[in-house]
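By letter and in written order, the chains are A, B, C and D; residue numbering begins at 1 in each of them.
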Amino acid sequence: MYSKNDAALTPPMGWNSYDYYNTCVTEEQVRANALFMAENLRQHGWEYIVIDIQWSDENAGTRDEHQYIPFSRFCIDEYSRQIPAPNRFPSSRDGAGFAPLAEYIHSFGLKFGIHIMRGIPRFACHEHLPIKTHDGRKITADMIANPASISKWNPDMYGVNHNADGAQDYYDSLFELYASWGVDFVKVDDICNTNMYPNNPYSAEKEIERISSAIEKCGRPIVLSLSPGPAVIEKAWHLEKYANMWRITDDFWDSWPLLKAMFERCEVWQNHVSPGCWPDCDMLPVGKIGACFKCFGSDEHTTNLTRDEQLTLMNLWCIFRSPLMIGAELTKLDDFTLSLLTNDEVLALTKNPAQAKLVSRSADYAVWVTRSTSSAAVFGDARDSADGVSSGANGGRGVANFYVALFNLSDDPHEVSVSVAEVHRTLFAASSTAPCANATTHARDVTCAEMPATFAVRDLWQHKETSTIKSDEVLSAKLAPHASLLVKITEER
Amino acid sequence: MYSKNDAALTPPMGWNSYDYYNTCVTEEQVRANALFMAENLRQHGWEYIVIDIQWSDENAGTRDEHQYIPFSRFCIDEYSRQIPAPNRFPSSRDGAGFAPLAEYIHSFGLKFGIHIMRGIPRFACHEHLPIKTHDGRKITADMIANPASISKWNPDMYGVNHNADGAQDYYDSLFELYASWGVDFVKVDDICNTNMYPNNPYSAEKEIERISSAIEKCGRPIVLSLSPGPAVIEKAWHLEKYANMWRITDDFWDSWPLLKAMFERCEVWQNHVSPGCWPDCDMLPVGKIGACFKCFGSDEHTTNLTRDEQLTLMNLWCIFRSPLMIGAELTKLDDFTLSLLTNDEVLALTKNPAQAKLVSRSADYAVWVTRSTSSAAVFGDARDSADGVSSGANGGRGVANFYVALFNLSDDPHEVSVSVAEVHRTLFAASSTAPCANATTHARDVTCAEMPATFAVRDLWQHKETSTIKSDEVLSAKLAPHASLLVKITEER
Amino acid sequence: MYSKNDAALTPPMGWNSYDYYNTCVTEEQVRANALFMAENLRQHGWEYIVIDIQWSDENAGTRDEHQYIPFSRFCIDEYSRQIPAPNRFPSSRDGAGFAPLAEYIHSFGLKFGIHIMRGIPRFACHEHLPIKTHDGRKITADMIANPASISKWNPDMYGVNHNADGAQDYYDSLFELYASWGVDFVKVDDICNTNMYPNNPYSAEKEIERISSAIEKCGRPIVLSLSPGPAVIEKAWHLEKYANMWRITDDFWDSWPLLKAMFERCEVWQNHVSPGCWPDCDMLPVGKIGACFKCFGSDEHTTNLTRDEQLTLMNLWCIFRSPLMIGAELTKLDDFTLSLLTNDEVLALTKNPAQAKLVSRSADYAVWVTRSTSSAAVFGDARDSADGVSSGANGGRGVANFYVALFNLSDDPHEVSVSVAEVHRTLFAASSTAPCANATTHARDVTCAEMPATFAVRDLWQHKETSTIKSDEVLSAKLAPHASLLVKITEER
Amino acid sequence: MYSKNDAALTPPMGWNSYDYYNTCVTEEQVRANALFMAENLRQHGWEYIVIDIQWSDENAGTRDEHQYIPFSRFCIDEYSRQIPAPNRFPSSRDGAGFAPLAEYIHSFGLKFGIHIMRGIPRFACHEHLPIKTHDGRKITADMIANPASISKWNPDMYGVNHNADGAQDYYDSLFELYASWGVDFVKVDDICNTNMYPNNPYSAEKEIERISSAIEKCGRPIVLSLSPGPAVIEKAWHLEKYANMWRITDDFWDSWPLLKAMFERCEVWQNHVSPGCWPDCDMLPVGKIGACFKCFGSDEHTTNLTRDEQLTLMNLWCIFRSPLMIGAELTKLDDFTLSLLTNDEVLALTKNPAQAKLVSRSADYAVWVTRSTSSAAVFGDARDSADGVSSGANGGRGVANFYVALFNLSDDPHEVSVSVAEVHRTLFAASSTAPCANATTHARDVTCAEMPATFAVRDLWQHKETSTIKSDEVLSAKLAPHASLLVKITEER
């Protein structure tokens, strides 16, 4: 037994096959990426290896016309559950499923994830094939399917009629199987935003509850990741209750307009980031990607994001604490991309217990800030200790440290700035003044000593302290188009 | 200097003149209600006396045709700031403003609030009247007004052009005046939802920032309350940053459809309730209300809500922790209504530090739950101690107490129920089992002793324990149409 | 070869099996209704006998749980085309299809219609069954189906991918078959509003074009009727180009709110009524209806519309010139309902060549007017002669006759009125004065003689002249709730 | 007395001061443009000279900061009616108003138009100034104004409360004055789409009725033009009843995306074009424009539309029969622009009585067609003779002539084509075959002789016949990006 949130106390970090392999990844390719992660990325916190969509389809490797082949049969077991296509995943033969591959991945101390579509195979319904029930009741696929609930983009499944007798049995049987294979992470698709707007973009709400319950019962902690986005903010509470991560955006790719749009999505979702609950900005389309996308007329290419844009991507994802899933083929990582993914000072932000906050945003810029551990105490804000900041033994006297990210969202060079006072107002909910070095704080009574504090400003990509700043000053940076600055600001004693 | 959130660490409770007096309340009436509160309600936590809209209008007492008189002049000072109409508030004469009345209210240990419309009087703009600037710059009302920014329902003001030179001076001058009067609470209207949907229902966002800044500077903690609703959930983060309470609904009156609709609003906003940040379900239209509404063809009447509906109202507002503002003329309170407003066991919920959660809702029912102090520790959920629950010295062994509210939203008698296990799943984010009496909890490892715990069930309106329930049982109640049950569930040792 | 519009020069009038028989009608029942129509209704203009949905499904008679049985097989021929279920339509055996039944219906001088869903059977796609092509190309159902295009309410079909090779062949093959049976009318469903709002409620636009083309080629005039509504007003031009009638409303049933809502729909569509192009208010749910609707928990009942409401229904449908399809089981018609459907004076309106116009509408009332033949000439408005009004030989001197319908839409008795001058302004586009008896008209120069004209007012339900009115007077009626008055106003010479 | 529609039997053609002069035009400039029109354009059908917004404002010539000066006073008479600013329109002094200028314009056989905002001056309301009533009732501006009804973009007026006593008097008094000046055309602004979407973009509906009634009474035919757009298609019937032209688009300027977007607007409105009823695509921003727009940071410039785009503009506006209002300063017309505006073969389309129809449209192309006079008869479609096509004396044997416009909407060269058969299907509502030279037509029975007809294809910009085409062939053109072809197709005998 476990708590939902314990499965993902910090934002999951890993690799997903989709951005490079689309629907076509093979066991050999998965193993190669796992090996690369074990040797080069694991020490920086990367741990999940996730196989994305269509792993049960034998024809996946040969398709040029369709991304998804309509009216095709894919591999299922005797209970209408998808199993790996044996031609693509040889170790899965003879009923082994993904267990051998999971074992291989686990052998490196890594974790294993898979993608599923919500629902039940359409052909199983039209052929009236059986599902597994916990008590042997005879139920067939058509009896639990909703013929009006389909994906707008994938032809494989009918949604499950959550009220049908057998609906929970079916989902229980899926996760029983996945747990037996050793699956640690499931990305469930066509479930977070079913695009039925405005009628009901969140129409699969009850299937989420069924799946969450199935995970609870399966005896194995499995991270529940929901796609696609954009998630519906009105349902934040429901996502927080039942899932570990959920996409707040439609598919993200290597394009500046999509990256710029993410700033709005993060703004809306900023107050919904907490342990076990991770609004998801989607994968990192860096390095080599897009190899198996002939159906869309494209081929392997290096990310279209500039280096500045890639840094902006990392800075936003990390300060916001999005899950991080690498899209690149790992064995083809160049040095720059590798450096992008292994900066421990930046990745540390994803483990930071505080919730980041937007200071301000326009079409031209954005400023995000967050506290670093133990920063709250100096302002005497006991309520905020929930964010993982414990008051020191010195009676509320802690260290006022924090991170600031400045982003130039415009297409021209731009100076972006924020005052230390405004950072503090944002982080400490309108406590009215700049932080002071010798504060003794009580509710409604903050006394500052006369001398403003001095802070060291450390650039997390240059890995050095680049300046100092006083508590009554303004932090400012001249930024190239689409570029950003990420600094840690630490009080000097 | 103070922190925004310190001005309202718990949901404000008080009386507001609107539901009974509409635009027409007089000083004598305000004093009578303050006296009644001091003598009968203060000991139960009620403290604010708030004068609602149109207090600067001398004609307010005589209007039958309009709620708001278009193109009228109302009372302003030499800086275009509204001042009380002297015929209605005699103590305000000779420049005293609301100071004498505030002093009277403060003398009882109560607090004083006023209503304002955002913006600047239209006639001051058309007459080019001066505003006050901090440095003596000569600026007139028209120079800071936005002629396209008006209320859809009130003809008095133009919105302030937040970019104009003088905009901040103007709002600063308002709150400087209010602080000098001793105002503790300001309800700013036409600012939370300006009804410009879908273009921009939150179009006055920047005026909120100006006002928040003015409060910070004014030297007095003033609760900032924003109206009308519904607030925009996408802007929750902004409201949490700048305001203390904001209406999540359009005007609420004594009608069951409006009360039923509030369950959806509370569902959406449940994860945004915290100290200093209070989503507001609007006033309590109980007792005698509606006296001065001839313009709408109505007159003084007793609330149209049945007693069951009134209890449902109190149960929802209190478990959700909405601000509570009584709409009734206090001096006419009957015994039932008085009992409704003075049930300390129920009102205690508003001081409860935990955030309530919806378990489930349909057209027919709703179930809300929340922890009571120290309930979390037994489940070993250290993260939740932020909600005011401190782990006991016994190594995580606390007491699993909580509140449950069951609501029948249908028009027929209905049995509403919830299992103790589901309550715990909801409160502790999917920790998977019913609470057990002898748990030792670690992350991903909860061991229960074999014996289920037993809880006492206390009905907070009957003021007695009505039953016991075990941790593997279901709490159930047969409820009349629109009725509800509010119980506290305490572990028996 | 024929013109689309020639198939329905006036609004089609007939009987449809749905309102009484739902999905379950049998050949015997159809024949009985046809016989009744031939003997009792044909002389009043009724001519179509239409078999609605699910006629290819053998199980249709036994269903209690579902309206539509998911994942069932229904009857198709060797080209994936639906054929009548032989257990329900015995004469269809041995490949006869609906030809014998059509012949029976034609023998009375009546016409025969059927319902189809757009698209191709889902099971034919999953089983890769063949379709018929004009040149023998081998194409299977899955090759022309769009797996993402389904009905939201019926599980039988996939939409046709209109770009696929074979798409036109398939629809051609359907109408070739229907023409061979002698079908005169096809109601195509899930095609007019596919409920994909706001993305694209008119997403089946290209299938409409395919079907229209198939009808052109089939060699038989077939009325093309599109369902369900509400049709999208932005696409009026497309509907006018390709179809004969289209539903401007969702399913209409015997409820006053639905009837009241139709007044708004008619208002919007009033300028799109012309020969061959009929906005459709849906069936007439009068008499005995609802017999086979156990799946919805209901059973045979007499219409819930009051007699006043039924008259209002007929008055609106007829003056607006909606198609008229009787929902009642004809053999059970009572005298009142029969009289409702056989009032030749009222039904004459559907043959009236002029387009009716709304004068005004509020929540409480509506006033519709239309010209009767030869009314325009007196006002010298040559442009309007297109509406079927020919100028007299007397140099523009015609007869100013028109119809007026007054409707009380409120729940209280209400006097509804309209001036003769306003009727004329509405009908003749702002010609400025009341009609006069001795007008000599030129553009921009109307000279009236001094004497106002006098008109006889004939009540079309009382079948008599009830009053006279002068051209400078007001026509007024005190109407019971939901009642209406329909009069013809004829100039007295 | 006159009919609304007689005021604009064909689409109005003229010049409007806005595109060049913004708010600042003077009498001298108006006179110069009128003179130019009289000498160079009148013989091609151009006749209206329209003074656009802010002619009553004395400060209009000096503004750099605002387009509209908030809280300013402008010139009104003793009845709160705007009068020309005497510094800008010297001939208007001493109560002459626009009468002398109108007389000057009329002296050339041209017509005179002015712009007004709906509503009543705000300052007149705040100052309680009188309006004129027909019977001497004393009513002031504030008594008929709606303080919540303002323009989103212009600060001058309050909307009129149409229910107020005096509302009709006020609008009557305006048009009485305009008629006395000799005004022939009024462009009423902030009335067609008040941008209150989705609540009510057509919220000024009742003011339109008041104004229409005022025009009826004023004794002078005045064209009623409504702005801004986009007009609401659901209200087409209301616009057709009360107005002569209405904007179907927001302000149109010299940008390709705006021009491309017009193809969608014309598609939607195509069935609402008729004598007296003209959906309006807005002005022609050709030649020199934009001179007085410093408030927007721009200055006089030559249109940004390429020559191909300008031809596309003219082709669409003319075949659709939009009103044509030149935006250029006429005295600065270059030869190309002059040729664009004086092509009588193209302008003849605006006088063509048939309604144009879209054949098809995609992101890449559009095809429009319309009949030329007498084209219908050959197809025996008597109903269409309403469009101005009279059957010949030869018993239905006429000439099948029509216009075709092919547009390349893509950014690449593109071949655009349409078959003659499809043209006929579109123009004659699905008569199924290509036109034949020797048809004898009856309803449902068209017999074609064997020989296909031959047509001459005349390019209306080259002014010559460029090819011939047979009735079973396809008309095709290779078009440069954004270019178009406009041809007249005439049967050869």
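Methods note: contacts are C-beta pairs under 8 Å (C-beta built on N, C-alpha and C of every residue); 3 or more make two chains touch, one makes a residue touch a chain.
As the structure is a computational prediction, the values presented were derived from the model and not from experiment.
With steps allowed only between chains in touch, the distance from subunit B over to subunit C comes to 2.
Counting C-beta pairs in contact across A-B and across B-D shows that the higher total falls to A-B.
Averaging Cα coordinates per chain places subunit B and subunit D 53 Å apart. For this pair, subunit A with subunit B, the centres built from the Cα atoms lie 35 Å apart. Contact of a single residue of subunit A with at least two other chains is seen at no position.
Interchain contacts (touch definition given at top) occur between A-B, A-C, B-D, C-D.
Listed in rising order, the residues of subunit D touching subunit C in the complex are 1-7, 9, 212, 216, 221, 233-234, 236-237, 240-242, 267-268, 270-272, 274-276, 357-358, 381, 383, 385-387, 426, 428-433, 443-446. For subunit D in complex with subunit B, the residues that touch the partner chain are 70-71, 122-123, 125-128, 142, 145, 147-148, 150-153, 155, 195, 197-199.
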